[in-house]
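The structure appears below as structure tokens.
Going by the order they are written in, the chains are A, B and C; count residues from 1 in each one.
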Amino acid sequence: MSDEWFHVLNLIGVAFFSVSGTLMAFEKDVDGFGVVVLASITAVGGGTLRDVLLDQPVFWIAQADYLYITYAASIVTIILQRTSWEFPSYTLNVVDAFGLGLFNIIGIEKSLINETGMVIAITLGTTTGIFGGLIRDVICREIPMVMRGDLYATACLSGGLMYAGLFYLSVPYIFCILGSLATTIFLRMGALHWNWEVPIFKRPGG
Amino acid sequence: MSDEWFHVLNLIGVAFFSVSGTLMAFEKDVDGFGVVVLASITAVGGGTLRDVLLDQPVFWIAQADYLYITYAASIVTIILQRTSWEFPSYTLNVVDAFGLGLFNIIGIEKSLINETGMVIAITLGTTTGIFGGLIRDVICREIPMVMRGDLYATACLSGGLMYAGLFYLSVPYIFCILGSLATTIFLRMGALHWNWEVPIFKRPGG
Amino acid sequence: MSDEWFHVLNLIGVAFFSVSGTLMAFEKDVDGFGVVVLASITAVGGGTLRDVLLDQPVFWIAQADYLYITYAASIVTIILQRTSWEFPSYTLNVVDAFGLGLFNIIGIEKSLINETGMVIAITLGTTTGIFGGLIRDVICREIPMVMRGDLYATACLSGGLMYAGLFYLSVPYIFCILGSLATTIFLRMGALHWNWEVPIFKRPGG
């Protein structure tokens, strides 16, 4: 992936998760600048962990625009909430799914650039995707999305496998990205809409 | 800030948060050495995250005295609790507010030394201030202070802006520190005492 | 400790904690690949934090076999759960105690190799031992084991002191390891079986 693609996709992913953190803060009646704190942790949490694990400079400290977009996305969402704008109830899940798909791709790519193998790359893609939202849910004392039975980690992993597959077939980047994004978002949205499940444990009578 | 100032203020901040972690452990009936674990996480959590984000050596591993002061402050608090000493109920909030103010200053300063811009420095000041207490609250399954509506993040941010302002005006360090500390502690204590609020979201009929 | 010992013990510790994470996921009805995510966080969480604190390459990114063993241990546990195999109810605690003892030793050793003093080494041993399980419990919204009154941190610390003592007496490695492991596991299991306690705070009438 060219540096520019990487940068733009990362900015979009950060913005999506910042909106998702702000919406969660609204649901939880967080007040004052706690809203912006929660939005920021959600937006940069996953990527921060990835960079620390890879021993790379943390992306939002190396380049200040990530922080600006995080704050801007959160403030715009707050303003929309304060005006008459009504966010439909599924907004949080949709925004979260797009962020998940984008961060997954970015994590895999950054991992491969740092010469990890593909298993570690897919692991770090999932890490980048899920950790911001995981920390958001833990702070808000929600059951973390990744622990619920609706294909959260599974959608992320499948998107990672799709990206890896298309990448090995030397498909142009734009299609790797679109294919992986489509896979993650389709599985995640489908699971929420049609209650798809991957039952891992067999419960007696379950 | 001279290295010595930095060191002394950091030791004081670590001691304050260690006391705050121990008091929370008392409230939560934590037993055995779990008390010391909780005190330590509270005391060094925020600064550890800051150092990892800046890719600097973690302060309490580079210099062992931070760990000694953490353990000492926790043990002294435990001994006082075991004797007839009664801590007033607001002790935790007061100690936490002082730690918040001190760590905020230290985070900003360490950030600027590492040549980040002022926006990132203020972000890292707030990070240093709030994260130890945030992890403490998450582990104890309390609603994190930063998520409640009493100017926690706001006081931290305001203290940061005050410090930055005085710093730019080339005011002597001692007044930068006192001004920022006074701002953070005054706002935080005032919010707890007079129920000041910064309503971010507008609720219908709220 | 020779590198090979280190590697083998670390693989065993990772496997134990991966099993413990999977068993917790079963108790909590986690579904889909969330199980594997929880198992992985439990298995590599403590060691990851240790390596980041020491500014060393994260062990499971430097060597991919740690990740393979994590996934394998989780999948084998899932398969056993799905077949008629019934895990006794104390399995989680036993597996967790062994992992705790092993990671404690590994953390101390890796710390000493990086030339920290003994106080920091014992602190990092405890960190390595308890953090994977702590994150697992926080994500699952359980009261963290380390906060409960049954010698969790105390057993870890005692095992660390035993290791340090034997190490200073120049006892052969295998006995350092066995002595430390025996101390941690005996104290932890004893506390669970006979309700041993270390009352830190004195409660009126308590």
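Definition applied: contacts are C-beta pairs under 8 Å (C-beta built on N, C-alpha and C of every residue); 3 or more make two chains touch, one makes a residue touch a chain.
Quick caveat: nothing in here was measured; it's all calculated off a predicted structure.
Following the contact convention of this document, A is the list of chains adjacent to both chain B and chain C.
Annotation, chain A versus chain B: rotation angle of 120 degrees from the Cα superposition, expressed as a multiple of 5. Our note on geometry: chain A versus chain C, Cα centroid distance of 29 Å, whole angstroms. Counting partner chains per residue, chain C has residues 52, 138, 141 touching two or more of them.
By the touch criterion given at the top, residues 25-26, 28-38, 40, 48, 52, 57-58, 60-61, 64, 67-68, 78, 81-82, 138-141 of chain A touch chain B in their complex.
On chain C, the positions that touch chain B within their shared complex are 52-55, 116-117, 119-120, 123, 126, 130, 134, 138, 141, 143-144, 146-154, 157, 197-202.
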